[in-house]
Structures are given as C-alpha cells and as structure tokens.
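I have a structure here, written as structure tokens, and I will follow up with some questions on it.
In this document, chain identifiers A, B, C, D, E and F correspond to the written order of the chains, with residue numbering beginning at 1 in each.
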Amino acid sequence: MTKGIIHYEVGEQIDVYLLVKSVTKGIASNGKPFLTLILQDKTGEIEAKLWDASLDDENTYVPQSIVKVLGDISNYRGRTQLKIRNIRPANASDHVRVADFLEVAPMKQEEMMEKLTQYIFEMKNPNIQRITRYLLKKYENKFLEYPAATKNHHEFISGLAYHVVSMLDLAKAIVKLYPSLDADLLYAGIILHDLGKVIELSGPVSATYTLEGNLLGHISIMVSEISKAAEHLGISGEEVIILQHLVLSHHGKAEWGSPKPPMVKEAEILHYIDNLDAKMNMMDRALEKVKPGEFTERIFALDNRSFYKPTFHR
Amino acid sequence: MTKGIIHYEVGEQIDVYLLVKSVTKGIASNGKPFLTLILQDKTGEIEAKLWDASLDDENTYVPQSIVKVLGDISNYRGRTQLKIRNIRPANASDHVRVADFLEVAPMKQEEMMEKLTQYIFEMKNPNIQRITRYLLKKYENKFLEYPAATKNHHEFISGLAYHVVSMLDLAKAIVKLYPSLDADLLYAGIILHDLGKVIELSGPVSATYTLEGNLLGHISIMVSEISKAAEHLGISGEEVIILQHLVLSHHGKAEWGSPKPPMVKEAEILHYIDNLDAKMNMMDRALEKVKPGEFTERIFALDNRSFYKPTFHR
Amino acid sequence: MTKGIIHYEVGEQIDVYLLVKSVTKGIASNGKPFLTLILQDKTGEIEAKLWDASLDDENTYVPQSIVKVLGDISNYRGRTQLKIRNIRPANASDHVRVADFLEVAPMKQEEMMEKLTQYIFEMKNPNIQRITRYLLKKYENKFLEYPAATKNHHEFISGLAYHVVSMLDLAKAIVKLYPSLDADLLYAGIILHDLGKVIELSGPVSATYTLEGNLLGHISIMVSEISKAAEHLGISGEEVIILQHLVLSHHGKAEWGSPKPPMVKEAEILHYIDNLDAKMNMMDRALEKVKPGEFTERIFALDNRSFYKPTFHR
Amino acid sequence: MTKGIIHYEVGEQIDVYLLVKSVTKGIASNGKPFLTLILQDKTGEIEAKLWDASLDDENTYVPQSIVKVLGDISNYRGRTQLKIRNIRPANASDHVRVADFLEVAPMKQEEMMEKLTQYIFEMKNPNIQRITRYLLKKYENKFLEYPAATKNHHEFISGLAYHVVSMLDLAKAIVKLYPSLDADLLYAGIILHDLGKVIELSGPVSATYTLEGNLLGHISIMVSEISKAAEHLGISGEEVIILQHLVLSHHGKAEWGSPKPPMVKEAEILHYIDNLDAKMNMMDRALEKVKPGEFTERIFALDNRSFYKPTFHR
Amino acid sequence: MTKGIIHYEVGEQIDVYLLVKSVTKGIASNGKPFLTLILQDKTGEIEAKLWDASLDDENTYVPQSIVKVLGDISNYRGRTQLKIRNIRPANASDHVRVADFLEVAPMKQEEMMEKLTQYIFEMKNPNIQRITRYLLKKYENKFLEYPAATKNHHEFISGLAYHVVSMLDLAKAIVKLYPSLDADLLYAGIILHDLGKVIELSGPVSATYTLEGNLLGHISIMVSEISKAAEHLGISGEEVIILQHLVLSHHGKAEWGSPKPPMVKEAEILHYIDNLDAKMNMMDRALEKVKPGEFTERIFALDNRSFYKPTFHR
Amino acid sequence: MTKGIIHYEVGEQIDVYLLVKSVTKGIASNGKPFLTLILQDKTGEIEAKLWDASLDDENTYVPQSIVKVLGDISNYRGRTQLKIRNIRPANASDHVRVADFLEVAPMKQEEMMEKLTQYIFEMKNPNIQRITRYLLKKYENKFLEYPAATKNHHEFISGLAYHVVSMLDLAKAIVKLYPSLDADLLYAGIILHDLGKVIELSGPVSATYTLEGNLLGHISIMVSEISKAAEHLGISGEEVIILQHLVLSHHGKAEWGSPKPPMVKEAEILHYIDNLDAKMNMMDRALEKVKPGEFTERIFALDNRSFYKPTFHR
C-alpha cells in the first residue's frame, strides 16, 4: 500500500514500519554514542543515524527487529539518508512480520520446484538424470530458500532457485534455435552449477561465507558432491566427468574462479546463459531506481559501469 | 555426391574437382621451383605441393581456377596434405562452376531479406525504424553477399546476413523471456552492428581489409554512417546517439575494439547475442570435423581452446 | 594584488573575495545542517565549512556567486581548509565579476585564432586544408572558449585552443628536425584531434559530460564530423580516411580509447606531441605549488606519481 | 661406460644403443618419405633423420624399440642432430632392455616409501594421519612410478615420489627454523598435493593427459578424493576442509590453476616448498648441460629465462 | 607485567604508559580543535582522540613523548579505539624510557653480529669474502639498528639484521639439501641484498624514505656500492658482476623493482629465501593477533589475503 | 652507383659485391650440406642459399669476407631471396673494403663530437657539467663508434652518438618552447642515458650482449659509473642523485627496465625525447622500403604495427 523505501525522494516525510538489517555503534565528536541503522523493506534499504543513543536504545534496535519510524528523507554525500524524528520498536498489536520486509523471488517455491521436476523428467540420458535428481533432492530445501549470492545479483530469498529456473527457460529457447546442443547436459549443468552455494553460504537471509565457502568455494564443493553422488549411485560413465567439468568451468576463466575453462560446447553455453541472466538481473534492479534520462549508480560487478535509461523508454 | 575434401582420411585416394584458392611459389632444395596450392571445395580446404613446376604450370594454376586432381591424402606435420599424382585444369566440358566450390550460408538470400524486412516492419519507434531501413537499403546487395569476417566465424558467402538473422531470432526469444528489453532498439542494433563490414572488407570471396577497414574499422565506419543517415533523414532525437552507441560498444571492451563499453541495457545484450552466435558457429564447425571421444583443434578466437566431443553424443 | 588562494600557508588569516564553485549540504553530529563550500580564484580552490547553516544561507551561497570571506587557513587530514570567521555575499558596490575568479589560458583568443589561421593558410594540400578550415569555422566559438578537459590538464577557459596552439608550435619545431614528416597532415590532425570536445563537454566552465560525450566520446564524434564535412565539401580522396585515422588513433592504444593504434607516421607523432604537451602542463601546475626540495602531490593522470623539485632549481 | 647422448659434441662419431621415443613420417622435397626419430638414453634425447625410409623401416623403427646406430653429431639450426650412417634394430643377443634407457629418480622406491611411512607415522593429529595414510595406500603403486609432470620438472620414472620426498625433507628443515608451523598439516599437504597426477596422467612413461586430467585437473581430482576418503573413514573435522584447501591452493593463484589462493599459513609454505624444489630441479638439469661461462637454453617454465654458470664454479 | 595494548578487548579499561607515535590535528564539527594520537607500546598501536585540545595540549603531546593514560577500549568502524578519560605527560619520577615502547628484534645485536662474522669467516672464495666483509664493516652500525622496511615485514628495531640472520640459517639448511648451490655466493648475496636500506631509509625508528631512497631505491644504491667497493679493493673478477646481479635481481621481476630477473641459480634461490622469511614474519604477526577459528585482517603485502587459524591449532 | 640491395625487385638480376654478415650450415634433404648466407651492403641485407657447399666453400665464405655474386632476386615465403648463379670471393684487385658495406650514421664523428662539446660547454651548473664531461671523455672512443642497439633503432656504426645528437637538438627546441625546463639537466641526462651501452654491448659491428650487459644492463652500469665519477671528482651535491635518477628512469616503467619511474620533470621529458627519436628512426627506415599506398612490414618494437604510406605522399 505504502510505497517502497527506495522510492521516496529527498524532502519527503515518511511514517512507516521498517526492518533493522544491521546496526553499528559510533562515537560522535561530542563524545556521545550514536547508532547507524540500516533499515529495509522489500524494495531496498536506507541508512539512518540515531544520535545520543542510550544503552537502552542499543538493546532495543537490534538486527531483525522491526521499527516504526517517523522522519525525513535527506541527502548525505549524494546518497539518501533518513533523518529520524521519532522511532519505536514494533509490538504485537502492529501486526507486522519479518517476512513482510524481506525481498523474495517473484515466483512461488512450489511453482519453481514443479518446473525443475519437469526439466529433469524430460532428460533422456539416465546417468545425467539420476545424478541431477539425486543432488537436487539431497539439498532441495536449502536450494529453494537460499539467495544466489551475498550481493550483486539475485541476492534475495529463493534467488538461487529463481536464477536457475530463469536460466533453464533461456536454455530451452537456445536449444530450439541451435539443435546441436545436448539439452540433457545443459539442463543438468544449469541445475547443479550453483548448488554448492547451499554449503558455501550461511543461510537464506544476510548470508555470509562459511569456512568451506571461504577455503574451498561452491565450485570445488559441488565437484566433490558429484563425485560422491556418482559413487553412491554406482555411475561411472563419462557423463560424471563432463558434469563435473560443466560445474568446474562455469565461471569461464581461471581468474574468475574456474581452474579449467569450458572445453565442452554445453559448458561454454552454460557460462553464457549464467552471465546473461545475472547481468540482466543486475541491470534491471539498477535501472528501476532511476528515471528515463538518468544514469544508474555504478555497478561493481558490471566492471563498475553506469547504465543510461533512454528518454524514449516510456 | 562425392564427399567433401575435409572428410577424407590419410591413405585415401581422391579424384575430384577443386577450386584453387591461393598459390605460392617456392624453390626446392634441388633448386627447382614448386607451387604450394591451397585447394578448396564447399567443406573446406587442403594444401598440395606441385613439384618441378614449369612456367606453364604457374600460368595455369591461378587463384579462382578449377582443377581436376588425382592424388593421395597424406600427413605432413600433423596436418593432412594432398600428394598430387596428376593434375589438369578443368575445361568447359567438365561442367563445373566456381560457385560450386564456395561455402554459402544455409539460407537463401531472399529468405533472409524477407525476415529482415519483417523485423524492421514490426518496429514501433519511427526514428529507429527509418534509420535502420535506410541503411540496410543503402548497402543491401553487399550485405546479402559478404561474409561476417575474413576468418573465425561465418566466413562464407552471405555469412554476414546469416549471422544477423540468427542473432535476430535469438534476440526475439530473449525479449520474450525478459520483456523489459526494448525490442526495436535491440533489433536495430543487431541489423546495423556489423554492417560496416561491407566497407571494411574487400568483397564476398577471399576477403581482405580495405584501407578504411585497416585504418578506421567497421565500428567507426558505421557510427559515421548512422550520423550521416540521421542528417539525411532529418532525425535528431536521442535514438541517433543510442543507436550509434550500440554499434560503438558491441565489442564490449576497449581492448576488443569498442572505445566505450556498453552503457545501455540493449547494448550489453547485443554484445552477448553477438558473442553467443559467433561462438556457437565456431564450435559447431570445429566439432563437426572430429569424432565423439576426440578434441577439436585449438580455436584461436576462443582463447586457443580445444573442445571435447563426448562419447555419449550419438 | 592579493596573492592567490593556493599560496596561503596554514596559520595565515585571509580577507578576500572568492567565487563559490560548488556547495554540498551535510548534517553535523549535533543534527544541524552545514554547508561544504568549494571556493576558488584564478590560482585554484579551497574547501570551507559553514556550520549551522540556515535556509537563508543555503539560498545565498550558491554556485557561481561571489563571497567576501574572513577566515583562517587550517589543516585537515593533510589538506588546507578554510575556517570561516565571517562570510557575506558580494554586492554591486564590491565591483567584482565572475570572470575575475576563473583561470584562463595565458594567451588571448584573438592571438590564438590568428596563429591557427596562419597554420591553416600555409597548408599546401587543398583537401586537408579545406576540411580543417571548414570544421574549425563550424565550431570556432566553442573551440576558443572550452577547456581541454574536465580535469587533469588544461582544465581552464580556452584551455582547448591553448593546448592546440602549443602543440602546433611544438610540431613546427619537430617538422624542422625531421623533414620527412607531412606538415599539413600533422597540423590538421592537431587542430582536429580534440575538437569533438566541444560536443563531448557541457561548456567552458565547470564542464561535465554530455550524453554524446558519455556514450560516444569526442573521438567518435569527430570521426563522424570529418565524414560529414567531406561529404558536404565533395571531397573523397584518401586524405579523408587518413585525417579520420589521425583523430581516431590519437589516444595511442585501444585501452586508452583509440579503437585503432596509430598506423601512419604523423598519427604516431601526433599522439606523442599531445602527450608531451599535456604532461608538461600537468607537471608544471603541480610543481608550481611546491618549493625546491619538496615532492608534488600525486598526479593521477601521470600514473599517480609525485614529482620532485630539485633544490638546485633556483 | 659409454657417455650419455647429450654429452657428445658436434663432429663426434657415435656407435651406441638408443631407445626410439617417437617417430614422425614426412615427405622430402624429392617426393620420398623420411622418418624423424627422437632417440633417447638416460641422459636425454637427440633428433635423427632417416632419409628414403622404406615401408619396412616404418614398421621396424617404432616407439619403445631399441636401435643400434652409427652416425655423426651435427648441428642443425643451433640444435645438435644425429646424422645416421647405419642403423639396425637391437636383437636378443644385444642384451639391452628398455629400462636401461629411461631416466629414473636417484632414489629407490623402497627407500622413498620408507621415508614416507616414517613421516606419516610421526604425525600426531589422527584425522590428518588417517586420511593421508588411506589415500597414499589407495594409490601407492602408481604414486611410486609416475613422473611429477609430462615436462618441465621431475619428468622421469618415480619423479612424483622423489619430488614429494625432497619436499618433505625441505619442510622438516623449515619447521625446525620456524616452529610455529603445524608439521602434520604441512607434511600431509606435501604428500597429497600432487597425488591426483596418478589420475591426471596416463602412465609412468611418455605420459599424456587423461580425459579427467584435461577436463578436471589433478587439483580438483584430489579435492574430491579427500572428500570421499573422509566420508569413507567417517572423519568430519575441520582437518578435512583444511587439507582440501592445501591441495586446492597449492598453485598459489587463480591464473596458475588454484581457484582459491593459500589462506592458511601451511598452505602458503607448501606452495613455496613446491616451487623451490621444482625450480631447483629445472635449473640443475639445464645447468648440467652447459660449461662454466655459458648460459643454459631458455627454460619455458622459468619465465623463459636462461641461467648463467659462473666461471668460478669449478 | 601489564599486557600489551593490542591484547585489550572492547569494553576493558586501561591505565598504562604509552609512547606517542604520531599526532594529527583536526577541527570537530563544533568548530573546536582535537588531536588524533597514535599511541604505541612494544606490541603494537592504538588510535585515540583528544577532544577540545588546547594549544597547551598540542605542545605537550608530541611524537616520541610518553604519556600516562586512563581510558576505555571502544570500537569505531570495526577497529579498536581508545576513549581517553584522563591523560598526562610522563615525568622523571615515572621511570619510563622511550626504548621500553619500541619493538626490537628477538635477538641481541652482538649475537647477530657474531653469526654474521662466522658466516663470512667460512667463505672460501676470497673475492666474495672481501667485498662482503668490507661493505658490512662500512655500514655495520646502521645495519644492526635499522628495520628491514617501513611497513609490511620486520619493521622493528634491528629488523634488517634479524631478517638477514634468519635468511642465512634458512640458506644453510637449503645448501645442505641441495649441495650444488654455491654457499659463498648465496650467503654473500643474503648479507648484501638489503644493505642499501641503510641509505634508502631515514633511521631505525619511524623510518621514511630519503631522497636517494625515493629516486634510486636500495637496489640501485647497493649495486653502485659493490662497484665502488670492488674498485677500492682492487677486485675485478666475475664475482663482482655476479654479486651485483644477485642484489639487482632479488625482487625477482621487473614489475617488483628488479630491472633484471634472476639469471644465476643462487640469485633465484636468494629471491625465494627472502620471500619465504618475509612472508613467514608477516603471517606470524597477523596470526598472533587472532584466536583459533578466526581470520586475520587482510595483509596488503600478501595480495590482500586474510589467513585462517585452524581450530585444531592448540 | 649501383643501387642498394634492398631496392631490387623480384625478377631482377644482380651482379654486385656484398659483405658476408653471417653463415649457417644446413643439411639438405638429399643429404648434402648447404650454406645460408646473409649478405649485406649499406642499405640492408638479403638471404642467399649456396647449395651443395664443399668444405672449401665453408672455409671461403666466412663472416666479414666480401663476395662478388651474380644471381636472381626471387621470393620465398613472402621475403626476397637471392638465388645464386655464380659466386666468388673478392680479391685485392677488386678494390673493395669492408667499411664500404657497413651502414654508418649520416653525420661525421668529428661533427658529432663538436656538437656534444658545445652542449657541455654551455652548461651553467658546474657539478652537472663536470660529471658529464668526465664520463663522455672516459668512454669517448667507443661512444663515437657503437650502435645505439643490437636491433630495432640506430643499429649502425656511430648510431649511439647520432641518436644522442638528434635528441639534444630536439631537446633544445623543446626547452625553447617550455622554458621552465632545466636545460643543463636535460642535456646531461641525454648524453649519459645510453652511455652504458659501450659496456653492455660487445662492439661497433654485429654487437652482442656482454656478461655485464646480460646480468646488469646498461642502466645499472651507468648508475654505478656516475656514482664512481662523482666520488672521483669529489662532487656530492643533489645533482649526483638526480643525474643517476635520470639515467635510471629513462625507460619510463619498471616493466620496461627502469626500477623507478621518472619523478623529476626532466626525467619524464628525457624519456619522451628518447622514445620520439627512436620511433622516428624506426618508422623512417621501414617506410623507405615501401611505396606510397603500401604498408610496411610489422615493426616488433612498435607493438608489432605496420605503417601505411599515404598515396598523396609524393
């Protein structure tokens, strides 16, 4: 009903519920403590300063708590900031839930699972089909909840599954135009390529890197998982090596984290589809924050480029 | 009827017509001249040595002439070579034409032109539509005959038009999945992005670089062409700049020849579609020369990689 | 009469007129707004903080307004800063004009135009001469007023024309020592190489990038302009391509913005002369701010180097 | 008794037994076939041409056969070459065996295995010890026979085990000087780091890359092996991840094949010890071929450098 | 007795003597001056803010003065900071000396000199021995006091000599394992490789770069010194060139400051030993600040990596 | 009288005296030895094959001998080659001298020395003047005879001195346009910058690298020489360091062999002048071999570029 926090402009007054994403304590130049709050709703986040913060405040405004806040949108060094007039913690009678403030994929988990099941069902190569089904089953719950990354693209609840489903649909269109592609292999590669993220990342919300994530990375984790799955299922054909290779090489180059570059056609195409869907997501999210005739802010993962929204768009 | 020249194996004897692609004269260690002939048919080419070549031979076996040759396929330093037993120039009674030996796109020029016309016809933005139609019209004949490059990908007759048509079909599928894309802009960018090649390259066969190709390149040539077209048509909207930008940035990075990286969403996607179609073409052509279980030869334009053809493919 | 703002040392008191270059509003830790003013005179600029700024202050101290300010030069994080004691807007009776505070080239526009005219007059190749004269004429006014860049070098009024005139004089000396150079081509290349900046940049003062500047860049803009000029003048000789090439390649390498590297001798020399004059300007401006025995601050455009001023220099 | 093949000088005559390492057939300019033979003994190899080769010759002189050859050492394009006067296949009465011509590590397999067993025996951490012992056992036979690489360093029989034993001795000396190092971890990392080569390479002699070697590489292969070993042994402590990390990161950088750089102290030191031992081996082998006062030939794996042997060295 | 300053945790109160390392003056947003003090003891340093600083304070709290300070450890932007409650300058009756607060090498100067003398004494090549002894003698006092660098590694009193002695011991162990190494050359190279730092740096404490350090660097300085020493001692053998080369090449690559890469075996090994000892020192110093299960802060000189301390370490 | 060897075209017959530059022996496929001769005159060189070479031929046609040769210019793999019909060694009655066939600088040694003396004479700073004069005197003879490099630019007799004199004249013109430059410093830097080449290279003809050249390089050699010269002359001012810096930094970047980049204005300009003169020399020598409308062969030292000679150039 109320518009999202990122859509307010400098000078507007707000009176809304927001979720506390993170809190940092600082000491002001007058020697008194203050809190820097990152507040969010489904559309994004905004920074707010709470001056002369008491110990009580520190204990009240903690991450994952919900607040009711009255304040003004101002500009600080080129970024919008919220100047708080009044703030209080939400209580039971406010009828607000944490989930209301978290961004989620624009498709239901059930619907995504159904699509995945269908893609696997249609595979003709039994080795590829069994390994894919086994591993998806093994990590199904986490796969349906995790984000695709901690930042950059699809960094929302169920972002991982949504990214995979989008890639599958894109792959299907490409296979139709270039029929020499092995659809089974390509679909399996897409489903498995980022599945290691359920071990690399800490959880569906405010994800950080686990020790395995830091020291091994989702690519090596998944290559080992395929190896163990094949052993478990008693599969030893060339399909095992090729599937491992698709996962291993999907970042495209050694300096991007793939110790081997794609050396199978479907591996090269998987890398492209992954990139295309991720970039589309990043550009769309940046562009929806600006008006026609404006440039977006710089997007680090896109070589730090800004993108222009033409005036003739709408 | 006869199989293509690239499909013979070492040890086989051939007795076929071939087109002379190029000739180089050398002096053998016995002091006598010899000719190195590159002979081709629609599937590819093979090197042959003509020892003790007379002056008459030099005058007879010239580029674009057709020969009847009897010989053996041998191996020299890992590449197949044709050891000539007997060679003679083809004559009228042989009923062979140069066109029979040149590779052409697998789609008729008329069919491609029809598709292009349809894509342009469906454009809703009149500025984009008029510039695109005007420039395609201006260079239509050459556009339908030229290759897309002198080597690497789509280096055959009508390769340029075929590459563009394939990209348009891929773009259409992508626009359907990501409806926030501006289809007019993307289609126009695809049609114009390599059109400068008709000035950059010397012709449809055995293309080399023209002076403008060497000193300016097809990107800068086309950016100027759009500028002149807009002036001629009296169009001055932002569409002109954006179209120029799509052409300018389609190589993606400065070190790949684009002085500006893509800074409009459709420019980024154009760059991706271009790459994907070109790479698919390169991989397919390399893979069709090897059997399942083998690696292709290294492909320079794909970071010098070889590609493996899985044994479970067919 | 009074010394320039950059020549004051920490601890000195000032009482001078200054031009407001830019203003940013901030919120202090006591919750009150303050203004960060960048104030300038012909020699350079200084930052000043205006604490507890009223709404009235915000409306008074705007860019391009002149102020009378009394204050102390202090040091903040290694940079000089102005601590304001008293500030007021200048009024008519102060008899100060904006132009008094802007840096301009050390040569009159008329004098520069005269030199340019003479260089063009002496050209012997009519194609080169006509194109150069036509384009200089077309953008003469802006060419004489614009800076050569938004920062780095010659970033002052008429900086573009001054840079070109300095380069021409240097070119003349080089042509004398290396007579195999084509003087016409070199002079024309110098005059045209940065002319696209009049379209790339927004104006002579506080220049920013226009949309064409951002999406196409001054190099591509000028290559198109030469193409259109040649068409307009009915010139089609090789000189057109070579002139376009000189402009296109003057940044020397793809990663510095030139899609083609210099492939004509005069193009290579133009690149060198451009660099030499720009670097001399940057080094001189940095060195004049330090004393013998000191290092300058780091100069970003010179690979982030500092330069040492030897003690035996005066 | 006879000196090694690499120690003959141009002009000397030889009359020795040599092993045929590889054979390539070519066609001379007089149209007759010839064979290029690479002949080797324990010290190295030499190229020889057999002109006017008959079909019989082709069938006789095949890889892994032994020949008796009389000929002269000559120089061809700066490399020594053997000019054959007389050649015949060795027969039973010659009493020569293939193993006599292959380079092997300068330490017996039993002695190396004993050292390895001792290092594992001394480990105090049971998780590390069990995984190391299990995997060494699993691949013991191949580990003791394989080379450490197909070229560059330790490319001889048992080169892998010899490289590992040398590294362990070096590690022991370093642990003594820097006692904060975890000896168990470092030793285990050394033993496992290249063990994947027994799957990556085809065999102990004339090794080539297997499909897994090409598509996955010995690093990823071994990371999966550790994962499976831990599962098999029921070990799940942090040691498993850290051991995988040591193997994963031992090439030091992404562009050298390690998707994660060393992030544990022992991983960094392992990378150094590996490099130091490999480089020492490469330099020693190149230097022993030259005399004091000379430079070695360029060593590709050492950034293509040549090394100088000082005249005051003996 | 009291624990080192880096070992306090957020929330603890301290009441200790500390040395003022550096002071910077700032202006708070209330317009009053404050001092940012960097305070240190042997274990490290901490930042403290002194608000509302009087002119008297500025004159009292100067670098190299000792203070008695009562305060609280707090956290500011992820770094510990000292919140001062009370501060006063130390006086004679406090019985504290500057040397008590400076980090020094963990080995006595006499002991280090003795080791060095022994290494030189054992050299067998008289040319190498004489040059090394002469230059060490010439700069002995500074060599024993200087740090090895201004930051990164061994940046403490006598760090240079300690680094050299550690490298010599490591070299001795390596020579034993690889006896083909020329011990004299390697030891001499180690002793001389960084000796130029006594000219490059300003002194043993708070070292900065001298003019020669900035414009020439310790490598070129030392190469000249060897040249002059050889001339002075009347030595002209090849040893002079090789010793200069060892110093010249010890950074390994042109981009790391060595105009020539190592081209003598001992030069390559010197580069490795230098790196290994320096990195071990950096990692140890970073790791001792964290607990098992934690990552260190990023270490710039180690490619900005953090290192993990395994939980099974103690 | 006769035209230079590089100016003959394929098909022409020659009957001239030429100098043997180098000889390589090979074995033809018929088993007989042949000689590959590189023959030269002042304009350049050509390759010739002498088939069926007798031992007598080998002893007769040695480097630095002169031959009379009758033959035909042919083309081999795109390069001209001389097909010998008749060859004999020149004898006394032929009245030809080696010097007649070597390229020399287009200015007399005396004239160059006079110019250098004048530049030094005009220096006002006595420290700079004395060091420069002393070092030029020390190496005067070699300086006047050596080439500036073994290949790439000014690789002819007296090329070093000629390069320096050209640079001085260019410097003089630049100092006039940018009077803030310190002429003494710039001239001294130019005279000394490459003087180390007289130690780095083996001699004036067919120069190779000496051991010092290989292991230290001319830059480090000269930095040491300045250090020794200053000690000898009792000069210790800042000029010594700055002069060393100019020599040290004249290659501009670490990866081009300068351990420190230019950090003094005159050092930066010296780097530019050096480059400009060297590149002009390379381009001129390549362009004089082609006709208007053609491209030169690729010039390795100019980033492997070819240069186009416009058709409107004569």
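The rule we apply is simple: a contact is a pair of C-beta atoms (placed from the backbone, for glycine too) under 8 Å apart; a residue touches a chain by one contact, two chains touch by 3 or more.
Please read these numbers as outputs of a predicted model, since none were measured by experiment.
Student: Which neighbours do chain D and chain E have in common?
Tutor: The shared contacts of chain D and chain E, listed by label, come to A, F.
Student: So which chains count as neighbours of both chain A and chain C?
Tutor: Joint contacts, listed by label: B, E.
Student: Check A-C, B-F or C-F against D-E and flag the pair whose interface repeats it, over half of the contact pairs matching by residue number.
Tutor: That would be C-F, since it shares over half of the contact pairs of D-E.
Student: Look at all chain centres (mean of CA atoms) and spot the one farthest from the centre of chain F.
Tutor: Looking at centroid distances, A is the chain farthest away.
Student: Can you tell me which chain lies farthest from chain C, using the average of the Cα atoms as each chain's centre?
Tutor: D
Student: Taking each chain's centre as the mean position of its Cα atoms, how many Å separate chain A from chain B?
Tutor: The separation of the two C-alpha centroids amounts to 40 Å.
Student: In whole angstrom, how far does the Cα centroid of chain B sit from the Cα centroid of chain C?
Tutor: The mean C-alpha positions of chain B and chain C differ by 45 Å.
Student: Which parts of chain C, given as residue numbers and ranges, touch two or more other chains?
Tutor: Residue numbers touching two or more other chains: 29-30, 211, 214-215, 238, 242, 263-264, 295, 308.
Student: Are the chains arranged, by touching, as a line, ring, star, complete graph, or other?
Tutor: Here the contact pattern is something else, fitting no line, ring, star or complete shape.
Student: If we use the touch criterion from the header, which chain pairs count as touching?
Tutor: Pairwise, the chains that meet the contact rule are A-B, A-C, A-D, A-E, B-C, B-D, B-F, C-E, C-F, D-E, D-F, E-F.
Student: What does chain B use to touch chain A in their complex?
Tutor: For this pair, the touching residues of chain B are 125, 166, 169-170, 173-174, 176-178, 180, 182, 185, 237-239, 242, 261-265, 268-269, 272, 275-276, 279-280, 283-284, 287, 295, 302-303, 305-308, 310-313.
Student: Residues of chain D touching chain F in their complex?
Tutor: Per the touch definition, chain D meets chain F at residues 28-30, 34, 51, 74-77, 81, 83, 295, 308.
Student: So in the complex, the part of chain C that touches chain A is made up of which residues?
Tutor: It comes out as residues 24-27, 29-31, 211, 214-215.
Student: Which of the residues in chain F end up touching chain E in this complex?
Tutor: 211-212, 214-217, 219-220, 223-224, 227-228, 231, 238, 241-242, 244-245, 248, 254-260, 263-264
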